[in-house]
Every structure is written in structure tokens, then in C-alpha cells.
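Per-chain numbering from 1; labels A, B, C, D, E and F assigned in written order.
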Amino acid sequence: MEHTGGGDQPLGPVDPLAVPRFAGPATFARLPRLDQVDRCDVAVVGVPFDAGTTYRPGARFGPAAIRAGSRLLRGYHAGLDVRPFADQQVADAGDIPCTPFDIDEAIVQIEAGARSLMADAAIPIVLGGDHTVALPVLRAVHAQHGRVALVHFDAHLDTWDTYFGAPYTHGTPFRRAFEEGLLAGDRCAHLGIRGPLFTPQDLVDDAGFGFTIVGAFDYLTRSVNSIAGEIRERVGDLPVYVSIDVDVMDPAHAPGTGTPEAGGLSSRELLATLRAFAGLRIVGADVVEVSPAYDHGEITAIAAANAVYELLGLTAVTAG
Amino acid sequence: MEHTGGGDQPLGPVDPLAVPRFAGPATFARLPRLDQVDRCDVAVVGVPFDAGTTYRPGARFGPAAIRAGSRLLRGYHAGLDVRPFADQQVADAGDIPCTPFDIDEAIVQIEAGARSLMADAAIPIVLGGDHTVALPVLRAVHAQHGRVALVHFDAHLDTWDTYFGAPYTHGTPFRRAFEEGLLAGDRCAHLGIRGPLFTPQDLVDDAGFGFTIVGAFDYLTRSVNSIAGEIRERVGDLPVYVSIDVDVMDPAHAPGTGTPEAGGLSSRELLATLRAFAGLRIVGADVVEVSPAYDHGEITAIAAANAVYELLGLTAVTAG
Amino acid sequence: MEHTGGGDQPLGPVDPLAVPRFAGPATFARLPRLDQVDRCDVAVVGVPFDAGTTYRPGARFGPAAIRAGSRLLRGYHAGLDVRPFADQQVADAGDIPCTPFDIDEAIVQIEAGARSLMADAAIPIVLGGDHTVALPVLRAVHAQHGRVALVHFDAHLDTWDTYFGAPYTHGTPFRRAFEEGLLAGDRCAHLGIRGPLFTPQDLVDDAGFGFTIVGAFDYLTRSVNSIAGEIRERVGDLPVYVSIDVDVMDPAHAPGTGTPEAGGLSSRELLATLRAFAGLRIVGADVVEVSPAYDHGEITAIAAANAVYELLGLTAVTAG
Amino acid sequence: MEHTGGGDQPLGPVDPLAVPRFAGPATFARLPRLDQVDRCDVAVVGVPFDAGTTYRPGARFGPAAIRAGSRLLRGYHAGLDVRPFADQQVADAGDIPCTPFDIDEAIVQIEAGARSLMADAAIPIVLGGDHTVALPVLRAVHAQHGRVALVHFDAHLDTWDTYFGAPYTHGTPFRRAFEEGLLAGDRCAHLGIRGPLFTPQDLVDDAGFGFTIVGAFDYLTRSVNSIAGEIRERVGDLPVYVSIDVDVMDPAHAPGTGTPEAGGLSSRELLATLRAFAGLRIVGADVVEVSPAYDHGEITAIAAANAVYELLGLTAVTAG
Amino acid sequence: MEHTGGGDQPLGPVDPLAVPRFAGPATFARLPRLDQVDRCDVAVVGVPFDAGTTYRPGARFGPAAIRAGSRLLRGYHAGLDVRPFADQQVADAGDIPCTPFDIDEAIVQIEAGARSLMADAAIPIVLGGDHTVALPVLRAVHAQHGRVALVHFDAHLDTWDTYFGAPYTHGTPFRRAFEEGLLAGDRCAHLGIRGPLFTPQDLVDDAGFGFTIVGAFDYLTRSVNSIAGEIRERVGDLPVYVSIDVDVMDPAHAPGTGTPEAGGLSSRELLATLRAFAGLRIVGADVVEVSPAYDHGEITAIAAANAVYELLGLTAVTAG
Amino acid sequence: MEHTGGGDQPLGPVDPLAVPRFAGPATFARLPRLDQVDRCDVAVVGVPFDAGTTYRPGARFGPAAIRAGSRLLRGYHAGLDVRPFADQQVADAGDIPCTPFDIDEAIVQIEAGARSLMADAAIPIVLGGDHTVALPVLRAVHAQHGRVALVHFDAHLDTWDTYFGAPYTHGTPFRRAFEEGLLAGDRCAHLGIRGPLFTPQDLVDDAGFGFTIVGAFDYLTRSVNSIAGEIRERVGDLPVYVSIDVDVMDPAHAPGTGTPEAGGLSSRELLATLRAFAGLRIVGADVVEVSPAYDHGEITAIAAANAVYELLGLTAVTAG
């Protein structure tokens, strides 16, 4: 058995001293597949879908890229003093297949896949795919947990209404989620917002959906702890869904994405903010919009994999 | 006036001795826009659509890439002894806008755009976009010319039936075209086919739609003239539509594409085959599947731009 | 009419809900061309010239790259609460053609082009090209506004004397501008300076030309507001010319440039500093030294396009 | 069950009409893992080892790259009229783990892994890894089949003696194989040789080990059939091991490799030569030296995956 | 003589006003070779070795890349007010050759090369190569200076024990150095540490070897001066060896490396920290783990070259 | 002494068994510098100049790139049965420095540099730089040998008159050479010509300068031997200057160049044609237009280095 752990302990990643990190299975962090474990606390699952993209496509290859970028992850999270792969059972659930040719149909497939997954695993962490995928995942999470507080990292609000008449795209999931009653009113937040908007009405609408905004430029004058503290207070003890569009990071840190905006967070700011959420009750999460054809040296994929690792650290804190 | 020609003569590209090739308008070959000319014999038009792609997306950026790759084109085609920009009026008609979110709706938009264009310009040459766009363009061409002989350069047959239940994708345009009666029976041909198929039935179906096949490996044992002669004979004096998927070229020559297949044509083989069609009655054409995120050094875009130039040479031969 | 606005209102960019952002004209932000508008408050114009480059060339392709990087810009600048494309008429004036083979001749051509442009448009914003182009543009600006305060973002002083005996290169424009009396004494500033110099005399000379320096490392200990406040005070109510060499940013944020220096600004620091200049009387500006052959994922081009957007925000503030 | 086939039939790749090709397992051609099948005729197995590399390293990432490049492979090989995934049971056996820090130890590990694999699967097809890996695989093959005829595609002879005193490197496997008696005398061949040698003695030694040489430049004057015919005659009915260093292809077709040499084969020439070996009794094979850090657009990986597909076609011919 | 300086003065780089920076010798900063100078205060020397790499290899090409990235360096360091190439004699000592095939043997070769070099030059600054090379260099430094304080910039501790049984790899040099008595107890420090560890024991072991840790995330809340002050106090007046793994920087700033970790330092933070060490008694240094195949636009190489320049500034301060 | 040879024998490259190929000096093929040898039969010299470029610049970095691409060259040329580094003394003469800011002045500098070099070395082989550099080198060759037969590999004629009024650019060297009487009438040839021309007059002019043309498409129907035979006959026993613009190769084989044209030669066709010139009396040569910013995986640089190797093989044949 080349996996670490097992027996009474959670089954962990392939042993890096037996199998070099550049070898072995292509699962996230070389974790066991879902079919290899008896129970699963957190499942990492890919949703390779990008038909909702307005600009540079390619996030369909995001799950594979994030998994490749996760090969260097090790077992002990010193910042949180947890062992994300040993304090809880994490597994890779593969990809949820869905059609690239029909957005409405794909959303149904993704929701079904997420619901099915959540029957086996308490907490889903989704590897996108474009941001469209957050909506069906939120539906599945809502079915189990009711209204959630949404903590949303992104350059963009993603609460627009329609593009070319299409209600379901990567720019609209959270307006739809609000309309469908999936979100807890006034308990949601965007972090990292920047760049031009369409009109001032964008902000009015967004506030009406229950969001507060921490802009990317706020990180120039506020500490990570101050920002995270504000969000923690807002969220309280509600179940939380964390949605991370990698374009929340500056294009220098995340070139491999579809709608890059200058002036974003560093990867360190993103990871530190996530880490400062220790104690929040995470019930689901996604890391989306990795488009590897625009990446280089895997820097976007590695940052995304580390964001997933922080999320696993947060669930380990609660599990511990 | 920085454009060459004009007056009695066709309005040509921007003068390269007045404006360096790396400067000036971003039209194809720095030709005039359609709104700058009084009449138009051949219109180059972009169709930035890639929602029909089964693998690597990004052909939505193809038209811009091909135009950038066309900046080095000059006015005299020595091989055909024609002046493609002076023997006929060529103009750049911009892009036909269409939704990226609904294939069916986009096809309607593209067909409408092509019909509208053909009211102004005798011959459309389309810059894709993925191969889905060939179907609506063929519909518009058929509306004016009736059934056409299709000369199709591609690694793939593109006569499959459906993917994920979708009838209109980049793998199916020519089965649909056959079913809709747009093609002249037994006068069509594929060139450059190679790579694995789904089943032997693929070939049976394809032959039933009126195609003959010249495989990429046939170029190892046959001369370009022999191959072109066979096609010329098959096509005869019918109106011809030439459809060029850049993946007909080997990935070495055309890495910037969505479904690359090893073992393809060199750019020289493609251009020489096109050139050997001098005299055919071209009524429309497309060059599709340029996905610049996978290109490097613009080599795919330059090859595609030169394929367009050969097509313009062919129409100039007939016009002359 | 696919452009937004028009009628009594300024003619704006192509409507993104009618034409996807990856389609349509290749003008800056898909704005109208200068020949499409009746009046013009601010003109964006390319100067594709790089014969003054001492190291990595390629900025001749800068204007096209910045335009491509501007396709995602939207109409509302929330940070400044202005609508840069609707509060004023902005247009794309194309490229000023000039010879790549003779620096002296090119400078004459650029100055003539800039003067001609300023007859039609109040404020020019130049897309370089290498930094050599700042001198002829400053001449044209001076002809209309007299001596200007120069706010110069750069890793380098650009006040050197000659290279290989050549007085006009991308390392010398501001010494020449001083000598020609184009600059307001003691009202100029460099921001972002860093890296090795030739000799201590470089700093002595530079101070003698009326510059103060805010180094890139000063951003480690000073806030953006403190820095911008110092500059605002120095500049006062003079007409201001803002010159932005993208190498002011760290190579991580702007790899696509000719003389990259480690230790630079983040794109967020650059954009925030620009934004903090609201109220200054901008009479001209340039964004130079984008060399796309060294870029990846368009990150340099996108940062440059956003810098232009901040400049347009500043002129909109004053126009409003 | 998302895999095709099964029941009485071999278990095949994941169904592309149920799971898009960019999704699903990362096995070669999305085939079942070895642990998912009851019997196995041909096993594809990775050997991610590159410590024997003399120039550009990185082939340790080769197996993952070739698997990614194999996602487009379909089930019917029209050129050979076989179904490589249905006429025989093919499975992906994962990677043979070995130390990157000690060549001698790694060779022992690889040989043990190959022997173990051959207990389960009749024919191994190895994804390298650098060419060092051919030696331990040949040992395992020899243990089962005795002396084999080696058909070796490469730019280089790989029959050198030592580098820096090391007897086992990617430049020496076939001298070692000869010395160990693994090869059938005078029944071996190199194809694609070119580029400078160390001394004339290289050729003398090589001939002494039983090799004939078809140079890359011979393809300019000889047909593929002539070349393949010569090899077939030489090999006769011996068990054959095919070893393909991707640098046999020109750097244009295979940039992603460690010791590229100008003047090589096109991917079409390589694939056509392989195909012309139909009927040979293949008992093992490798495709090595894919170094993805130097690849672009996956062209090397795709060519390598297609070479594997041709090998699978050859074994299917014999199996059929 | 195209070099600057000479005569009584140190022989400096090639004159940039006589030979453009993109031309001339490929030595570091175009400095003289060691054989061109009579005495040498500081020698820059390459150690192109990467056989100790656990993940992405390629640092064997690091020395050439750093030298290429150093071509823009000029002679006056304004921040420290020193002239690194004129206040002391610096020369490029070429590369220390060593076998890529045997780690133990290579370490012996590197130590011998470093000892030999230190007979000619007071201070060696090593261009790696992977971090394995620090151990033999430390041995040579220890032979001359006794126990040194180690100031170590890195994402990783590099005090692990063994990988695959190998005691000498790029993850273990400083545990070996401690065991061999090369380091001054409790006077060593790591800066920039981040990312997952194997187990909590890693930290316990590390502290036992005499290290303190300044994490990368500490830079979010502490100033560079505070951090550097702590290190200066810890180091005191001991001879100091500075070891810089470029992965101490964020992948955005240093993509060209073997084991990138998200959340790292900016190049500005690294350079400013180094600069704040003015006055420390540097007796040797290395800049390692530049793997150019993963770099783009030379940004990693340029940052590494500037780190070397800061080190030369520090030795010039002491020399002055 | 780490160089091979020496004593009575020519001093050769650094011994690859003592110093790995990725280490050691950055000279061409790691040959000795000119100042290291007593006599020199053939000197390889860089001319890093690209101010004469009409499109993509960057050939100023060509010499360094070609040298890097030459590291894999070994000592025995089996095709010609010569030892290019041992049958004659070859050395690397470094770069001829010249201003990037004034074409006329640079040409004077290059001619002076070439004349000076030819005082020390019988035969110069120039690494460009753009094609402008051929003219001053031809002047120096003519001064020693009188009129030469020019064998010119290129996509373009390079016999145009002026661009933007400039008589000396990379598109005009051979018209100037004809006008200056440097070429032997009717003994010159272009090989590889293709792509659009300006006007039919281009061909008339060119023929008037004494050139015959073998087009790139002629390689589809003629053998290399037939082509080379025609050239050999034309050239006769005249002194020959071989000028190789790497854009003679297809962009697939040589993407790293300034004015790429689809439909070119493979690297194999180029090398085989050169090899077929064995016996010609080469008195000088250049390999120009390598622009590494557009290259990938060094494929252009490697092809260029191999072209230089073939040229060295030709001079060795004559020397032998």
C-alpha cells in the first residue's frame, strides 16, 4: 500500500518517500480516490466546465491543472497546526461530467453530481471550471444546510443579470443564488473586487443582494487581520460557503485565468486571509477560473492548489 | 490617403512604405474596411465563435490572430502571377457578432450575418472560430449558389452525428450540410484526414454523404499535383466551397488549434495544394480552428493568413 | 449602430451585450475611431516606434498589445465615480506612422503627428513605443500648454545624456526635454526608481533638471496617499504630463518590457498612485515600453491598459 | 460504469459521449487502471526517471505529459483496420516508482517493476523517462522472451560507453544491453540517426553490436515502405522490442525533449514507419525522452501518444 | 581594452558605451574572467548541478541564466552608495564542473572547486545549481573561516534528513552542515519559510540545529527593517554565509524554480532585506535553484542577478 | 587544460567528459576564444545588430542564442567524414560591437570589425544579427577575395531598394552588394524563396542582379541533389559566400525569426542542401535573423547552430 495512513487513521496521500512527487496518481495531492475510502469528510471534486465564460475560455482544463499543481503539498499545516490529510478523511472524487454544449443542461448535471457527492462526503470542495459552476453547487449545499453565508473572493461581483440573454454564466451565479434564496441575507461578502464596472447600478444591486465589499485596494491600507475580522463578524456562526475565483489575485500571481484584472491580491494576501478564517463553519467551497493555457510555470495552478489546502486546513480545524 | 490603389483601381492595403507593417489598422492584410469601399468582390470576415469545441477552446480569438498574422502579406502572388489585392476589390468586413452561450442561436446569427454580407460582397472568406461556423456559412452560400462542391482540409471528417446530444458542434457541420441538401453529391472531398476514428462506420457514413478522402499519409507517396488533379476532376465546374481547418496541418506547423493530430501536412503542402486549384470556381471559403492561446511565435496564425492569401489568389485568377 | 452612446452623448465603446468582448474593432477599449466622432476630448494614439531601445526591443508592437489588453475595460470607474467613456468623448486615433530606421527623422514625424492630433483632440494619451517617443509628444504638448510638470513613473531616470553618441534614445528624453525648456523647473518627479545607476553623478544631474525622486523601495515604508500627496503638492496647479514606463512595475507584473528591473511596484501600487492624483490638470500622457514578445498571458498589456484607464478617469474627473 | 466495453469485451476507455475528453481519469487514453481489469494483454506504464540525462532534464514529467496528450485518441485505427482498445485488453499500470538520486538503484527498481508488471500483462509499453530506462525494461523482456531484435528510433546511437565514469545513462543503454546478451546479434537497427558523433569509432563500435543504421536523411531519398521493408526483413520473426526516443523527430515536431537535433523525422514519417511494421511480433516497447517543460501546445506529448497508439495498433494486429 | 577600470583600479565590466549590453562576453555583469585579473576580492562562480532536485529539475542551466539576467547591471549602487565593481575586484570564475550522475562524487568535486577558488579569491558567490551545492561550499568556507552564521532565504527549511535514503539532496544541506559542525549554534536563521511541512517534528528538529524562523507571512505585519534588525542582532559579528534559494520569492516573481510555493516574498522584499544587512561580514554566499525552463521573460534570472548585486554591494560596503 | 586538442593539433571544444555540456564557456560549441589560439582557420563571430529589421526585432540577441544552441555539437561529422573542430582551427571571435542607433555608422563598424578579423582568420562565419550585416561582411570578403558567388538561403529576395528612404536595411543588402560590385554576375542564387512579393518587377530586378531562384516549393518536386547540383554548376570554382537567413526554414522549424513565411524548408532540407555543397570553396558565410524572443525550446537556435556546423564541415572538407 503506497498511501500513507490507513487502518484506524484516514487514508492519506501517496508516501512521498516511496513514490516521488512527480510520479504516482494524478489525484489532488495524490490523495486516495473516493472509491478507495470507507468514509469521506471532505471531497475534492472537479467540474471541468467553461461554457459560461465571457472572455478567455479554457477553465475546462482547470481541474487537471490544479491537481498537477497540488503535487508538492505536504501533510502538516504549521500556520494552523493541523494535519489536513490526517485529521480528517479527504478524498478525490474525480470529475463531475457535464456537457460543454448546453449551459442549462450542464447546470442540472452539476447539481445532480454535487448532490450525489454530498451523500457520500460531508463537505465538497470544487475545482472549476468557470464560475458558473458555483450556482449548482450552492443549490446542493443549500439542500443540505439551508441558507449559507457566502464569502466570495473575486475581482468581479458576479451578480450581473444576463449576458446575451443568458441567465446562467460565469458573471451571474450569485444574483441567481440570491434570487433562489440560497444565501443568508446581509451575511455575504465579496473580497478583492476591483476594476471597472458597467454602471453605478451594479453596486446598488449588489448591496441589495446582501453583500458587503472589501476591495483589492483596501489591502493597501488595512491589515489582513482587520479584513478577516470584519468578515468573521459578518458571517458569525452560519454555515459558510467560500468561493474563490483565482482572478482575485493579480495577473502576476494568476495569469492563467479568463478575465484577468490588474491591481489584485498577492497569493500571500489570499492565503493569509483564508487562514484567518480559522473556526468558521465551512460547508462547501470552490476554487474556479483556472485556465491553464494562459498560465506559465504552473504559478496559477500552484496558487489555486494552495488555496484548496488552506480550505482543507480550515475544515481540519473544525474537525479537530 | 494611406491606402494603396483607389480611384479606378481597387482600394488596397495600407502602403507599407508609408506605414510600417507593425503599425496601422488591424484589418486583414491592412486592407480597407468594408465601409471604406464602394464595391467588394471578396470580403474577409471574422466569426469569433468557439462554443462548439470538444477539446481545447479559444478559436473565438482566431479572427484577431489571423489578422495579426496577415500583416506581412504583400501584393503580388508570383506563383499564380496575380495581384490578389489589386485584381479584385477585397475588404475586411469585421466580425459577425454572435452569442457564445447558445449554439443554436449563434448559428442563426452567423447565417444572417453571412447572408447580409453576401448582399454586399460576392465571395465571403470566413476567419473562424471553430468549425461549427461552416454550416451557417454554407447555408448562406447555398442560398445564392445552390449545391456546392465542398473541398475540405482537415484532420477529421467532421461528419459525426451528435456529441452529448448536440447536433451542431465543430465535429458535425458537414453531416448537417449533407442532410440539408447544401452539398453536391459525390463531388466533395476531404484532404489531410488522419488519426483514430470512433468506429469503421464513420467511414461508411462519410462515403454515403458524397465524400472521397485523401489522407495525410497519402502525401508521402503521391505528388501534390496528382492529388490536386484528382480533386479538380471530382469538383469539375461546380461552384466550390473550400473549408480549411488548420489542424489539417501537423501540430508542428499549427500548434494553435483545438484538436491537434500528429502526422499532418506541412504548411507547404497545404499552400501548394491550394495553389494547384487555380481555375476552380470558388464561391466561399473558411479558415477555422485557430486557437492562439496554444500558438507560439504566431506560426499557426501566419500559416492561416497565408492560406487565406492563397484563396484570394484563386479568386483573383478567376476574376482576372 | 453597435457603439454605445451617441446622439447628445459621447460615442462610447461597442456594446458588450451586442458584440462579445473578444470580437469587434481592435481600437482601444473598442472605442470609436477618431474619424467616427465629431469632437474629441481625449485621444488615445499609438506610436509604434522602438529604435531607441538599448536592450530588449519590441515595443513597436506595444500599441497593438495594449489595445488587445483593453478589451475587458468597462464604463464605470467606481474608485473615482466617473464614467471615462461617457463623461467625455474619447476616441482612438490609430497609430502615428514613423520610420523605424532613423531616430531623428522619426522624432520629427512623431512631433508632427502629435501636433496634428492635438488640433483635433484636447488631450493625447500615447501608447508606446519606447520612451524616446515622450520627447516629441512633450514638444507638441509644450507648444500648446507651455512648460509642464512631469510626473514620471519608471525604474530608470531617463535623464542620461547619450548612448553611442546618440542624443535621442529611450534613456534620454527628459534631459532633452529639460534642455529644450519643456519642463517646469522643480515641479517634476520620478516615481518607482530603483536598480543600479552608472555613477553618483546621475543623481546630481537629475536633481539639477528639477526632479525629485520617490523610489520603488519607498513604497515599503510610505503609504500611497503620502506619496501621492507629496507629488500633488509639488505639481500644484500646473498642467501635468504623466509618463508611465511600464517597467516601473516589477517584472512579475510587467515582464513584457525592454529593460526590466527587479524590485518594482505592483500593478496595484501603480494604479492606486494614479488614482490618488484626481484633480490634477492632465494635459497629456503616455504609457510606454510594452514589448509583447516578452509578455505572457497579456499581463503587461492588461496592466498598461488599466493605467490608461486610470488616466482617462483622471481626465474625466476634471471634465466632469 | 463510464468505461466502454466490459463484460465479455475488453474494458475500454471512458465513454467520450458521457464524459468529455478534457475530463475523467488521467490514465493513458482514459483506459482502465490495471487494477480494474481481470486480464491484461498490453500494459502502458510510466517510468518517471531522468537522472541519466546529459543535457536538458525533465523527462521525469514525461509519463504525465504523454497521458495528457493521449486524451484525444479514439478507438478505431483505420490505417491498420484494428480497434486497439477493443481487440485486446489494454490497461494503464500507473508509474513504476524509483529513486531520482541513484541511477544504479533506480535501474534495479525499474527492472523489478517491469518484471512484476509482466507477470500480469503480456506486453509492456513504457512511457519514459529518459532512455536509461530501456535497459532494465529490456532485461525484464529478455527474462521472458530471450534475445530480442531491437528496432530503435532515435537521433543518437545510444551505444556509447560511459559519461563521467557512469556506465548507466541515457546515452549507453544499448551497449549495455548488447554486453548483457539481451539483443539478437545482427538483427537490430537504428532509425533516424543524424547529427554529429564523437569520433568515427562510434560507428565501428555500433556495427559491432549488431546494428544497422537508417539515417534521418535517408528519408529524403527512400520511401517509408522501402525503409520499413528493410527493417522487417532484418528482424524476421524474432520477438521485437521497439524503442522510440522522441528526439528521432525534428525539434519542430518534438521540441519537448532533452537532446534535440535538427534535421529529424516528421511525426508523419515516424508514425508511417511504425504502421508499416504490421505483423512484427512486438513483445515490448518504450516511448521516451518527452520533457514537457520544453514542449508547447503539447505537440511533443501528442506525437508521443500517437506513437504509443501505433504500437497498440501493431499489437492489436497480432492479437487479432 | 573594452573593460572599464584597470590600471590601479579594479578591472570592471565591459564598457556599455562601447559594447551594447546585449553583446560582449557572457560573464556575470560582463565582468572580467578570473584569469584576466591579478587579484580577486569576490569571485562569482557557477555550479551547474541539479541532480539533488526532488521535483522540477533544470537548475543545471541556472548559472548561464543568471549571467544572462545580469547584463543590465550598472556600476553604482545608490541605496548603499557603493560601486560594487570598482570598490573591490570582482571576477567571474566560470563554472565548477561536476558529474550529473553521482551526487556524492559531485559534492566532492564542488568542495574541491570551491577550495581551489578560495585560494585565489577572498569571497565566493555561487550561482546554483540546486541547493545541494550549499553544503560543499559551506565546507570550503568553514575550512577558511570556521563556523559561520547562516542567513538562509528559502520557502523551505532544507534541514530534512534523507529522501529515498539519499543523505545529500537539495532538501538536506543544512542538517548535514549542522551535523558536520559548519554552523555557529543559535546564530542561524531562515527567512521566507512558508508552505506545508511534513510533520510538526520538522520544526523541532530545525530549532535544535540553531535556527530561528522569519516566515514569509511575517512580512505582512513586520517591516523589513524590523526583520533585518532581528537577524543582524542574531548574527552579530560572526562571519556570515548568505544562502538564497530563489523560491523564497513568490512564484509570481520567481516562476523559474524547482519547488515553487505560493505566498512568497516579492523581489523588492528580498532585495530590501539583503540591503538592510549592510555591515555584516559576508564570507560567502549562494543564489540557487534558478531553473530557466520554467522562467519567462527572464524574470527569475533578473531577480537572481539583482540578489547577487545586493550581495556584491554588501561586500563592497565592508571593503570600502 | 579543459579544451580538447592542442599541442600540434588544433585546440578544440571543452572536453564534454570533463565538463558537462550545460556548463563551461559560452563560446560557439565551447570552442576556444580567438585570443586562446595561435592561428585560426575559421572564426565564428557574432554581430548583434538588428536596427535594420522591418518587422519583429530581436536578432540582436541572435549570437548569444546560436551559441547556446551549439552546446550539443560533437566533433565528428559522419555525413562528410570530417572533424570540423580538429581538421582545422576554429575559434570564437566574440562579438563585433556596433551602435544600435545608427545604421550607417553600424555598417562601417561591422565592416571594420570583419576586416580586422580576417587579418587573423582565413574564413569568417558570422552569427547575426539581421540580414543588414551581410553587406559589410561581403565588403570585407570582397576586399580579400574579389567578387564572390553568393549562395543565399532565404524566404525573401533581399534585393529591394529602400524602405522609408533607408538604403541599408535587412531587405536590401544584396542589391547594394550588386551595385558595389561585390558579386560575381550570373553566378549567384537564392534558395527557398516563397511568399508574396511587392510587384512582378521584383523578379525582373533580381534577375538583373545575376541571381537564379530555387523556390521553396521546388523542393516538393525536385531532390536535394538535383537542386544542389544546379547550384554547384552555377557557382563553379569561384569563391563562395553562403548567406543563410533562418527564415528560409518554415516557421515550424524556425519560429524565432523576424519575418516568418509559411511554406518553408524543413531543417533537414536546409542541412542536406548545405552538405551537398561539399567541395565548394567557401570564403565566408553568415547565419542571420535568429530572434530568440520568438523561439521556443531553442529549436531555431539549434537549427542555426547546426547550419553553422554544416558550414564548418564544408570548410573542413576543403581544408582536409
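Note that in this section a residue touches a chain if its C-beta (ideal position, glycine included) is under 8 Å from a C-beta of that chain, and two chains touch if they have at least 3 such contacts.
Treat the numbers as computed from the prediction; the structure is a model and nothing was measured.
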Chains in contact with chain B and also with chain F, listed by label, are C, D
Overlap of the chain B and chain E neighbour lists contains A, C, D, F
In terms of CA centroids, furthest away from chain E sits chain B
Interface of copies chain B and chain C: same or different residues on the two sides (over or under half shared)? same
Looking at Cα centroids only, farthest away from chain A lies chain F
So, in whole Å, the Cα centroid of chain B is separated from that of chain D by 37
Residue numbers in chain B touching two or more further chains are 20, 22, 54, 56, 60-61, 99-100, 163-164, 250, 252-253, 266, 294, 296
Among line, ring, star, complete and other, the chain contact graph is other
Touching pairs of chains in this structure are A-B, A-C, A-D, A-E, B-C, B-D, B-F, C-E, C-F, D-E, D-F, E-F
Within the complex, chain A is touched by chain E residues 54-56, 163-164, 194-200, 202-203, 216-217, 219-221, 250-253, 255-256, 259-264, 266, 294-296
The chain E residues in contact with chain D across the complex are 50-54, 56-58, 60-61, 99-103, 163-166, 169, 293-294
Seen from chain A, its contact residues with chain D in the complex are 2, 18-20, 22-26, 46, 48, 60-61, 63-64, 67-68, 94-95, 97-100
Residue positions on chain B within touch of chain F in the complex are 17, 20-22, 71-79, 81, 223-224, 250, 252-253, 266-269, 271-272, 296-299, 302-303, 305-307, 309
